[in-house]
Amino acid sequence: MTLPLADIQAPDIDYKALSPLIATIGGSIVVLMVGLLRGRRVQTVLVPALTAVSLLTAIGLAIWTWEPGVRQPIIEGSLTMDTLTLGIAVLVYVAGLVAVALSLRAVAAREAGHGEYHSMLLGSITGMVLLAASSDLITLFVGLELLSIPLYVLCATELHRRTSLEAGLKYLVIGSVGSATLLYGLALIYGATGAMQFDAIASAISSDQVSLTDPLLLTGIALLATGLAFKASVAPFHQWTPDVYQGAPTPITTFMAVATKAAAFGIFLRLFDHALGLSQLQWGPALAALATATIVIGNVGALAQRSLKRLLAWSSVAQAGYLLAGVVVGSTLGLQATVFYLAVYLVMNVAAFAVVIARERVSERGDDLSSLENLGQTQPWLAWPMTIAMLSLAGVPATAGFIGKFYLIDAAVAGDYAWLGVVIVVGAVVSFAYYLRVVAVMWMGGYEVELPTVPPRKVKPVSGWSPEADLRAQPEVAAIAIAFAALTILFGIWPDPLFDAARDIGTALSGLR
Amino acid sequence: MNITWFLVLSAFLFVIGAAGVLTRRNPLVVLLCLELMLNAGNLALVAFSRMHGGQAGQVFALIVMVIAACEVVIGLGIIVAMYRNRLPIDIDEMSELRG
Amino acid sequence: MTIHLSIVLFLPLATGLLGAFLPREMARWAVLAGSVAVLLYAVALLADFDAGGGLQYVTDDEWIPELGIRYQLGIDGLNLFMVALTAIAWVPCTLVAAFREHDRPKQFFFWLALGETAVLGAFLAQDLALFIVFFDLMLVPFYFMIGGWGTGDRVRATTKFVIYTLAGSLLMLAAAVALGVLSTPDGGEISFSLATLQQRSVSEGTQQWMVLLFALAFFVKAPLFPLHGWVPETYRSSPIVTIALLSGVLSKVGVYGFLRIVLPIMPEGAQHWQELFIILAVFSILYGSILAFSQDNMRLVLAYSSIAQLGFIVLGIFALEEKGAQGAVLQMLNHGIVVVPLFLIVGVIAARAKGSESLSELGGMAFRAPVLATLFLIVTFATLAMPGSANFVGELLVLFGTFEDKLVYGLVASVGVVLAAVYMIRLFGRAMHNRPGPAVESREIDGLHLAAVVPLVAVIVALGVYPHFVVHRTEKATTASIQEARGVGQQVVAR
Amino acid sequence: MWFEQVLFFVAGIGALAGALGVVVVRNPFYSVLALVVHLLALAVLFLLLHAEFIAAAQVVVYAGAVMVLYIFVVAYIGGADEPLRPDGGMLHSFGPLFAGAIGVELCIAFIASGLDALDTRGADLGAGFGSPAEIGQLLLTRFLVPFEAASYLLLVAAVGAVVLARRRRGLEDIGALEEVGAPPDRREPPSETTLEVRV
Amino acid sequence: MSGTSYGWLVLAFPLAGTLVIAFGWLRPGGLPGRLPGWIASGAILGAFLSSIGALIELQDQPEDARSLVDSAWTYASTGDFKVDLSILVDPLSVFMCLVVSGVSFLIHVYSVAYMDGDRGYHRYFAYLNFFVFSMLLLVLAANFVVLIVGWAFVGAASYLLISFWYRRETATRAGIKAFVINVIGDVGLVVAAFLLLDKTGALDYAGVFAQADQVFTHNDGTLVAACLLILVGAFAKSAQLPLHTWLPDAMEGPTPVSALIHAATMVTAGVYLIARTHPLFELAPAAADVGAIVGTATLVFGATVALAVTDLKRTIAYSTISQIGYMVLGVSVFAYGAGLFHLMTHAFFKALLFMGAGSVISAMGGIQDMDRMGGLRKAMPFTFAAFTAGALALAAFPFTSGFFSKDEILAFTVERGGWYLVLAIAGYAGALLTAFYAFRMVFRVFYGNPVAEARELEQGHLAHHAPANPATGEPEDTDVGFPAEEHHIAERERPMRAAMGPLAVLALLAGLVQVPGVSDVIEKFLEPSFADSHFHDTAPSDGSEWIGLVVGGLISLVGIGAAYHAYVRRRGVTLELRDRFPRVHAFLVNKWYFDELFEALFVRPVATAGGFGRAVIETRFVQGFIVGGATGVVRVGSSFARSIQTGYLRGYALLLLLGVALLALYFLLASS
């Protein structure tokens, strides 16, 4: 039997709201096409430029469509382009811009071919936004995969470096296990509620269609939490993080570290605080336990690391723990605090990674801790950003990190999770041990790092060996490092813009405490 | 035939897939096991859609197939690249990054 | 005459930043000028301060409304002399540092300046969160100064110092946030302004653990037994200037916090732990004194003597009695003013003993260095609270305050007075008297250190002649700060 | 009715057998084939659940196209049997255990669930449930976004595959030297490029 | 000018002197020649004259108005704690001022010559003036806080002067010992002050004494405690048992210092304090009795030890201890006049004795051991005469000053009757011993056949020895050379004679101002200060006093005779005694083993505790347990977190699934 086509009326599409997504998708296709043109200029200049353009456009559109308050899902309820989405989107776009800039001279881009590299980057970005925006389960899953699959590839793009491939493979396999688990969880939730849209799920839970404590639902939530926790590298699903961060090309690591987290926590908030908000009493303690475990493991894991990328990876695990605390409380304050910290986290991590890249490219010791030795004397303009980033990550006052932690603790206490606040500060105390180690290596010369040093490698100097020359050879990296370090301090002293944004975002989700 | 039967079956398939991931060292096979896990999810989805009498589950299953295909493609791509670099096709060999 | 505290507060930092852009050798002079300017400001404050009035020169602006953090500064009897102490202590230290050769002088003096701003901020803050901001910020410059310009195993020492202190202060941060949140009435705006917090209240049970966390931070900073694990290494491997400031000024921030925050805002909590804290204080007095007596390194003698001195201060505060608190406040000032010259003199002595700071290798230095000996003698007498010094009045008040309700503890503590005499006279005698040590060459104190130490000694003498200058101005605020906790205490006694 | 039940058990056992085959068989070739079996059995189950279109897609796309790709790769890499090695024994023992635990938990969830519908054969269905037309319509209306996104994902994945598998300048020689199925242990020491940054 | 302004002047002169000398010293080359000495002496003379001025002013006032208080400014005031920087000018304080400044003046003059050529000449006189300032502050204080200030200042000055020759380990150690024991006394006073403040709400004498009658009952517990604590202070300063051990060691200081601080003035501060706070003691006789008993014990103890020690200065030191015992006994039995009278006379003759000793020691080229002296009579007749005069007074030879003052004390004690008689008898026994050891010194130093130095001196030139530490005999490094090599003796130096002459006269005749039935200048003058005393009627009648005098005179004659017998007529008899009772002798020579006792009781425990703290508490507990424990936990966690990070993909998957299992398990439990 057949249906006349006339019966199918296409859904009305709110192109305005959709525009940021379109910008990046279109961008990626254009970039891909342009990338096919031969010619070094095109490859190394035009392609990144176009990528940047599309990202900037996206940012512009995001700001254009920025509109506080609860927004109805668009296109048959599969996407919600509210301030939460857009906030996360902006973070992701900024991370993308940074990645583009850092990739200008990256081996990875050359190996993969600039067109492909950048279009995949844009694809992943789209996926992230899709994930954060998704308001039904299918979109969620698609978004998640769209986020991950390009990243699997990008991690492996330094095809001649064994560790890069290893990172790619590990990320792929573990990631797929994670998404399979997630899928199953989605299936269970669908089964329990019979609904795909988050709103429908929420209403199903609130109505007596399914009880709050139905094992089917709760198991579904468990598997779902696992899947998302994996992406956010929450312990005990964190183990891929150090390896992948270390193995992947550093620009990609930077991008992953900040953007993936943003997207993952975006959906975490939307799903748990909104769709499943009612059963907070059930999942709250579990997530709190996860947060604690994450904070502890992340911080202790980072202690004896020598590879800076690995150290930052562990620290990012710990940071995920802090962020999760904001989700646990399931309150508007928590939502704001989490988003705020995501922004702060982006700023300080980018600064740190930029310095790592700058050193890694010229130092014989790669990203080893000793590659920073006496940086304070030789290259203060790199040492300062690194120092500021480290202090901010540790949460020293007058840096954005301090206010971020303050906000999170505030939310935790207000949400009757005071002990979680204490856990956060204890973690912070431990974290000082390794952050200060980095600082000491840079400023307090002659300081021996306990572990044996790695064998020096052959590096093709970016330029002559003089620091200034290196800097001139990769100005964008230093520029980013300095700019974001400055931002770290700025937000530490004058956080109002972030707070305004956070306040808008706080209005996005209804039915929060 | 009650829905529960299908669900239990899917649960077993999921478990088998997971066990495979944990036990096999050949990445190709590991990929296959991932397929198993996804398919288990699919079965559950379809079963639920049957239960609820709505087709959303089936659509989901369809899309999952697509995604599974993508994962396979990428996975195979990485394996090929490894092979090109004369890396051992054994995931236990890929353990340089640790600690 | 209006005095804008923000100017006092950020002047040093400004000069530090300025120095960063000046040519290499100019930085030190900029910073020195800054500290002198602050000193002049402080003098103006002292002259202008109205002993009868409450909080004065208040600055009150929004900083982070979302978090209820306000940029509130103000001066009353509690912090007037702490600010003065900071100003007085920083000038000679900067002076001495300015004439020494550093590598990376710009950085060193930037950190020195930042340090002054941070300490001033901690003393001036009238908002709990702001206080904590500066309280933690203080660590950064000192971390870098010790680690970058220290001696020996300096990095280990400084890391230990920072982490140890942070362990306390971050827990305090948690407690502070909790305080702010829990004290917020339903529908009320969260606020960390001390004034507001004093109006609001939290349950006694909550107060108890909060006070404990605060005390942890403050005791580590002070330090008090058994939380002084960071002290020996830090004191041993810091630059002399840094350690002088650390021991002279920073250690006061903690105990100041008790009077400024804990007692007024969490009286029940303070009451609840009074006994424990007094015991800790008394034990610190005895323990610090005895260990100071058995140390060979001059710095360590002073380190442990500081533990004992701070013990006295804490004792005075937690006597929860007016005289005691007054004595504590006075002692906070006195200890700062004697320790700074002591450390500078240690530096002078070490310079005359081929860098050796161990008493067993010193001796006989007074010959040909009578001025040095005399200055050292005066400071020594002041430190051991010789009657006639302001320190004596301070300790007298502390003891009197303790005797009021806690006679036994007071008597035990007064043993510390005798021990103080023992270890300080030992310090002086071993360095200045007896036959000269092997490496010692007896030279008179140089003009630089003379210029640095003499003013401080002058202040010591002046305070000794007219301590009422201080006591008079602090009385109102101190009484206000303790009266609530005291009131609670009397209710407890009554029950 | 009995027909349906028989069919379920046949197909179910087939699916399980295929799955087990994938996991147990040591030779990748056979694993793939086992998976194909599994997929076909699954398709039958889909049919039982009134998901004709899914079943069809399963057979055509999955069992067909994807698996073919698989075979190619296996053939290219060489389906050497997986060498036995002592290590990972802990995994061999614990892995299935935990997996089993999860399975048990899931079953508990299904059985303990308060949803009555679970114990029914499902809601009564309208005509054309699961037919290509209906699914197609859903894809174009209700699930437009996931559908488009999925197609975009396919594009990206294709690009990724190209990136990974494309032969590059400087690699040809390595590729050329490759005689198919060279067992890993007979490799000459890795070249400079693969060694850099061994942290 | 009012009496109080004279009081301020009394303080101003020595302080000014200190500063002038100190800053004059900073001049390159310092002040010329003996100028510092003369400046110092001038300052003290100024103080003395001002005291006389105050005296005259005071005498003009009516009896009941002879207590003038004047406050310079508020010293410290918070809550009920109110202290002014104020002085009290009344007969008692003026009397003390006169004695202190007078004797000090003479000793300054003596020092001008004695210390000449010492490298610390400026320092010496700066310190000495500072001491006099502190002492006068002590006696002029109008409240307990200022008293404590002066109290501690004299302690500091004595520390500085004891360890004046600070190249000598012995000197510095003695200084520290003296200082610490004095601080113990200070603490006692502080606590006492608190108790008084707590009960009477005042810290100035007037306020306290006014309140005392109302708030305290007879022998009120708090009051007794307070008085005992005051006694602790007094004993520490006045070297009474058991806090006397510092005084003999204090002889390390230059001899004039011993004369001034450790004989004439500072050590008598305790006596002054008791007299000053007599209203309290009269309310707490229990405490007073303690004072009396300790005083008696001390006087016997001192006398016995003085029999055995051979170091000239230390012998005199023990005699000081013993004599102060008499004073403490006096004031404790409320014989204020007598006690203070003895304080004055003792100041005269003891200062004189020390001066003589100083002269002798110089002549001996720094030797202090009496065993190596002898026959100096002809070599230094002036010193001999002066010293003998002092000895006579000390031995209470009839009609010398000591004769009257000491026996008045004992007479009072007898008058109290009851068990006080025991004390009195002990006192007389002590008198006998005193007479004996006083002339033991005279005979051993000046009689017998002349030693080498003596003969040399008769030839007309001074003996010179390689400079050595008299206590240990270790050679002095003359390069940094304190004390100077050249030394001066009374025979040759006019200033020294000028100082000793008047004192000799006073030692012999000062008693006449207070002869029972004949004159009672002191009593009369001090009357107003003790007007409130309840023990006026207990004063012994002249008759009974005369009986006492006769007894005392006989005793002293006996003692002197015995000494003559033992040291001149039949030399060596003492040696036989020593050999017969070696234990007794050892007991005495070792000063009753007090030092050893303290060593064992206080010094060693503290040192051990310090060692323990350093070795065990610091390393094991603070660093080991607290620091190490915390870091240890973190380390373990860290190594664990990294050990599960095996790099094996399948391991990660395993942990992931484990996590899933646990999470699902939790939710299942939550569901049921």
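Each chain gets a letter, A, B, C, D and E, in the order it is written, and its residues are counted from 1.
In the analysis below, contacts are C-beta pairs under 8 Å (C-beta built on N, C-alpha and C of every residue); 3 or more make two chains touch, one makes a residue touch a chain.
From a predicted model like this one, the values you see are computed outputs, not experimental measurements.
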Contacts common to subunit B and subunit D (chain labels): A, E
Mutual neighbours - chains that touch subunit C and subunit D alike: A, E
Taking each chain's C-alpha mean as its centre, the one farthest from subunit C: D
Chain pair with the most C-beta contacts: B-D
Relative to subunit A, chain with the most remote C-alpha centre: E
Centre distance in Å when subunit C and subunit E are each reduced to the mean of their C-alpha atoms: 37
Chain centre separation (subunit A, subunit B; CA means) in Å: 25
Centre distance in Å when subunit B and subunit E are each reduced to the mean of their C-alpha atoms: 97
Mean-CA-position distance for subunit E and subunit A (Å): 79
Subunit A residues counted as touching two or more neighbouring chains: 138, 141-142, 145, 149, 152-153, 156, 159-160, 162-163, 169-170, 173, 177, 181, 184, 188, 191, 214-215, 218-219, 242-243, 246, 310, 433
For subunit D, residues that touch 2 or more chains besides their own: 88, 91, 94-95, 98-99, 102, 105-106, 108-110, 112, 118, 142-143, 146, 150, 153, 156-157, 160, 163-164, 190, 194, 198
Of all residues in subunit C, the ones touching two or more other chains: 167
All touching chain pairs, where touch follows the definition stated at the start: A-B, A-C, A-D, A-E, B-D, B-E, C-E, D-E
Subunit D residues touching subunit E - in the complex, by the definition given at the top: 88, 91, 94-95, 98-99, 101-102, 105-106, 108-109, 112
Residues of subunit A that touch subunit E when the two form their complex: 169-170, 173-174, 177-178, 181, 213-215, 217-219, 221-223, 225-226, 230, 236-237, 239-240, 242-243, 282-283, 286, 289-290, 296-297, 300-301, 303-304, 430, 433
Complex contacts: residues of subunit A adjacent to subunit C: 336, 376-377, 391, 395-398, 402-403, 406-407, 409-410, 413-414, 418, 421-422, 424-426, 428-429, 432-433, 436-437, 440, 443-444, 447, 495-496, 499, 502-503
Subunit D residues touching subunit A - in the complex, by the definition given at the top: 105-106, 108-110, 112-115, 118, 127-128, 131, 133, 137, 140-146, 149-150, 152-153, 155-157, 159-160, 162-164, 168, 190, 192-199
List of subunit B residues in touch with subunit E within their complex: 18, 21-23, 25, 91-92, 94-99
